[in-house]
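Read the structure below first, then the notes.
To keep things simple, chains are lettered A, B and C as they appear, and every chain counts its residues starting from 1.
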Amino acid sequence: MSELDIRNLSKSFGGVKAVNDVSFTVKRGEFLAMIGPNGAGKSTCFNMINGQLAPDAGEIHFERRNIAGMKPRDIWRLGVGRTFQIAATFGSMTVLENVQMALISHGRELYTMWSKAAALHRGRALAILGQVGMAEAADRPTRELAYGDVKRVELAIALANDPALLLMDEPTAGMAPRERNELIKLVKALVVERGISVLFTEHSMDVVFAFADRIIVLARGRVIADGNAAAIRENAKVREVYFGTGKTFAGAPA
Amino acid sequence: MTLNAFLFQALNGLSTASGLFLIAAGLSLIFGVSRIVNIAHGSLYMLGTYIAYTFATRIGGVTGFWGGIVATAIIVGIIGAAIEFVLLRRIYRAPELFQLLATFALVLVINDSALYLWGPEDLLGPRAPGLRDAIEVLGRRLPSYDLFLIFVGPAVLLVLHVVITKTRFGRLIRAATQDREMVGALGVNQAMLFTAVFALGSLLAGLGGALQIAREPANLATDLIAIGDAFVVVVVGGMGSISGAYLAAVLIAEVKALCIGLGVVDFGLMKINFTKFTLVAEFIVMAVVLIVRPYGLLGRPQGAVRSIAEAEEPIRPANVFVKALGIVVFAALLALPLFANYSPYLLVLGIDVLIAVLFAASLHFIMGPGGMHSFGHAAYFGLGAYGAALLVKWMAAPMGLALAFAPLAAFAGALLFGWFAVRLSGVYLAMLTLAFAQIIWAAVYQWEPITGGSNGVVGVWPPAPFNKATVYFLLALALTVPGVLLLRRLLFSPFGYAMRAGRDSPLRAEAIGIDVKRVHWLAFAIAGGICGIAGGLFAFAKGSISPETIHVGRSIDGLVMVLLGGLQTLTGPIVGASVFAVLQDTIMRSTVYWRALLGLVILFLVLIFPSGIVGTLVNLTRRIRLRRKAAT
Amino acid sequence: MNQPVTAPMLNVERLNAWYGAAQILYDLSFSVGRGEVVALMGRNGAGKSTTMKSIMGLIAQRGGLVQFNDRDISRLQPFEIARLGLGFTPEDRRIFVDLTVEENLDIGRQPPRHFPDGAPAPVWTPQRLYALFPNLAEMPKRAGGSMSGGEQQMLTVARTLMGNPLLVLLDEPSEGVAPLIVEQMAQTIIELKKEGLSILLSEQNVHFARLVSDRVYMLEKGQLRWQGTMAELDANEDIQRAYLTV
């Protein structure tokens, strides 16, 4: 059964087709990587699923409901979490408060004007931070954190409303190889444990080949390949537009 | 109105547009590169008129007039460069709004310098040698000087366009507009570039001012009027777009000319005097344009400009020391009436300070944690003050009712304007709020039968026992303290957090289900309501209210108070408002040149306390603590 | 042991840097010789970018000695440093998005210069750069903002080369671009080395660094932890695991 079902999605910017008739599905509990050259339309795809962009054509079914064109905040309330390519957190809040903010929103307490926000959902927020390994940094301001840790906080925020689907745009961009693997390992564990589906874009082939259940390759706005790691590795077209000889990453195609 | 008369007015509009364009183009250039909203730009324009007047009258003749205009432009350019070199260069790393504060201080200093040098009288220059006559156009006489001005605008536009698109200097300007640090890392002396851009922008302002001498007298009020007009033109045209600035200048000048041309029109049911709309025409144009095209006619969404300001600390509940200090201050204020016998003036000052504190705290609420830089907070002060005063005047309402109505009126107004304002951000939001404040001001000014026009509403005195300063002071205290505490409580509530979340990262906030616009809209309205209380208190404290007291100046005072205290701390606005109110009060009594003195004091404070008074103290203690930690 | 084989061009001694009250770099000392490609490695937050920015004068609070061709540049402003022949390409590229490719290149333009021994440094023109980066040759009038990440990465390097630098600080050229582009960047670095330029590279990708670098300095938490030749790093899996770990 599929959690997310994308059908014939298209989007143009000034006559250029950024995403051109793209269809694919994400099954429940699947860890799906979307790769492709810069400018292939990955982020545009993400932004349509997440609601930041309205598609020109096509449908996006999430749990049998067409969410195409809905606002990001409404899509979030249906259970779609999101992390951004450049991590977006609330810089003037502590790590804990960042997660509390998401919980407050989830609990529909945004317009509460008397109670103290810092006292709400503390336990739950700490538990989530524990899961991503950030409990010790709970009281530090987010803006002081190393970038890899900010990414973890972002993940914690995204997990706060128990999403069924997590969209992660280059979750490991700007991280060192070890942090990369740790973060993805963590996400993968959460996926298995909570039965979340994840769709992520990634440039680190090491990560993709090691962890993804399935890989979709986008180029010039179209899906040019869809399959498991072995199949994608061998795909001549993907090599031509994306991998090159593969000297610059470890899991190089043979 | 005949078609000919209409076209004639349109020509008139074009010559006005040239002047508007010159000043706006310079402002836009300077803002683009330095990100400084240079409020003193209008003052440079004003100086242009005065200096050109001096040349034209002292030297006289063709040399004095035409040569004087050229010399003036160059002199003002040099003055601009000097300002950049001496002052602004020191504060490029300060928060954007802080730079604004510094340039506002310059406005004060320049204004009083002009008063000292040229005196308070309006000075009308001679007519232009060679262009004294008028020519017959459309059956009317158009001064040939005006015809000349019509061509100045497009000519300057053309020159600027070529410079910006075709020369290396222009490329550097455009590159620095986006990322000045990177330009420096590529080997460009950006300090020089900045000075050059300031000189060019100032030169344009000086030229614009100088060209006015044959049309309008040099006048000390020109600075704020000119800067207001220039802001509107730049924003309507789109920040950074020189062509947009010309288009906007024409649009605004034409709408104004049209209003004058229409005069009083009888619609059968009612007569409308369109000339009255000239005061607000540009602001209405701006409001409409910004609502339809949020980034102006030819502007584009402003990309993320590299911010070099310091990020903000998480908010924490007050520690024991601050709480104790708060209690001591409150106790001292309660005891203040005991000293009233020694100095009755003390209580009057005390009331002024309390009103200022409430005004500033409500502005800080949306500016700091909300990130909405309102340049028109006077509107809600005015709605509160007029709301209360008019209720007393027309319904003979008791003071209690009038004071309760004040925040409601302001809340309603803020709810209406806020709906539009929260759709914008940054400078655009600032300008739209300014426009709304101007509309309120003009409505009050023009709607004479109800509001008393320029005379305002008088006789709004509090009944006994509140007519005694002691009691009224306690009343003000009883409204101000809960008001400030309420705002503070809100900041710690989920709502306050949601507001900050929307400011920190709208992207993230929307992605976790927060309707950022709605939260900010409500916050804007709440701040407006609280500000209305300050307005109501003011009306009864002075016994009257006039349009003058709710003019742009009050909005700017609010900004100064908030920035003086520090944007990033919760106690900042309280300290800032108190310091400012006391300074203003004491300095005003000591010298005719109080503006210059106030300006110098502000400049001094800006240079000493680059993060506001409270902000700087907080930073200082943090640094000391860190050093101590490092030492152990 | 780990000294440049040629005379050092860039010599850094006890470099310290702070952001606000937080210290980021601690007493870093290293050098880059003429014609060398040296990699600063370490994970994110190790201080690689801060090191580059400090050398370039872009960090206000810094201390220590930075010498370029035996001249102390630690008190100079960024533009003065750039004019001595030190080129900088930032990790986030910082292309001027409103300017075309041609115009971006023009901003970087500086007069030709010589090495201290009087030998002329390579002189770059747009034509030569278009030959080096054929992608850019196809789009001289394209606005920087409408280019893909990979193209921007090439443009930022080309823009720096327009200043005819003697030494280039290359901050994470392989970050966030497709493997194919990463390979092209490696090729470019090798070409630049052939031209006689020195390069200080910051990198986390050991596969990439292996293709281009002569020597390596390993950073962690703003401190220098290990240094050696690229071959030594390649042979030392413990170090790789401790500071990079694939």
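To be clear about the criterion, contacts are C-beta pairs under 8 Å (C-beta built on N, C-alpha and C of every residue); 3 or more make two chains touch, one makes a residue touch a chain.
Everything numeric here is computed off the predicted structure, so don't read it as measured data.
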Touch-connected components when chain C is not counted: one piece
Central chain (by mean CA position): B
Label of the chain whose CA centroid is most distant from the centroid of chain C: B
Interchain centroid distance [CA atoms averaged], chain B/chain C, Å: 45
Distance from chain C to chain A - Cα centre to Cα centre, in angstrom: 31
Contacts with two or more other chains, residues of chain A listed in rising order: none
Numbers and ranges of chain B residues touching at least 2 other chains: none
Junction residues of chain C, two or more chains touched: none
Interfacial residue positions of chain A with respect to chain C in the complex: 36-39, 144, 146-148, 170, 173-179, 181, 203, 205-206, 241-250
Touch list for chain C against partner chain A, complex: 22, 42-46, 148-151, 174-183, 186, 204-208, 211, 244-246
Contact set on chain B toward chain A in their complex: 311-315, 317, 489-490, 492-498, 500-501, 503-505, 507-515, 519, 522
Complex interface listing, chain B residues touching chain C: 93, 168, 171-172, 174-175, 177-179, 181-191, 303, 310, 622-623, 626
Footprint of chain B on chain C - complex, ascending: 20-21, 56, 58, 60, 77-79, 82-83, 88, 90, 94, 96-99, 103-104, 106-108, 110, 145, 159-160, 163
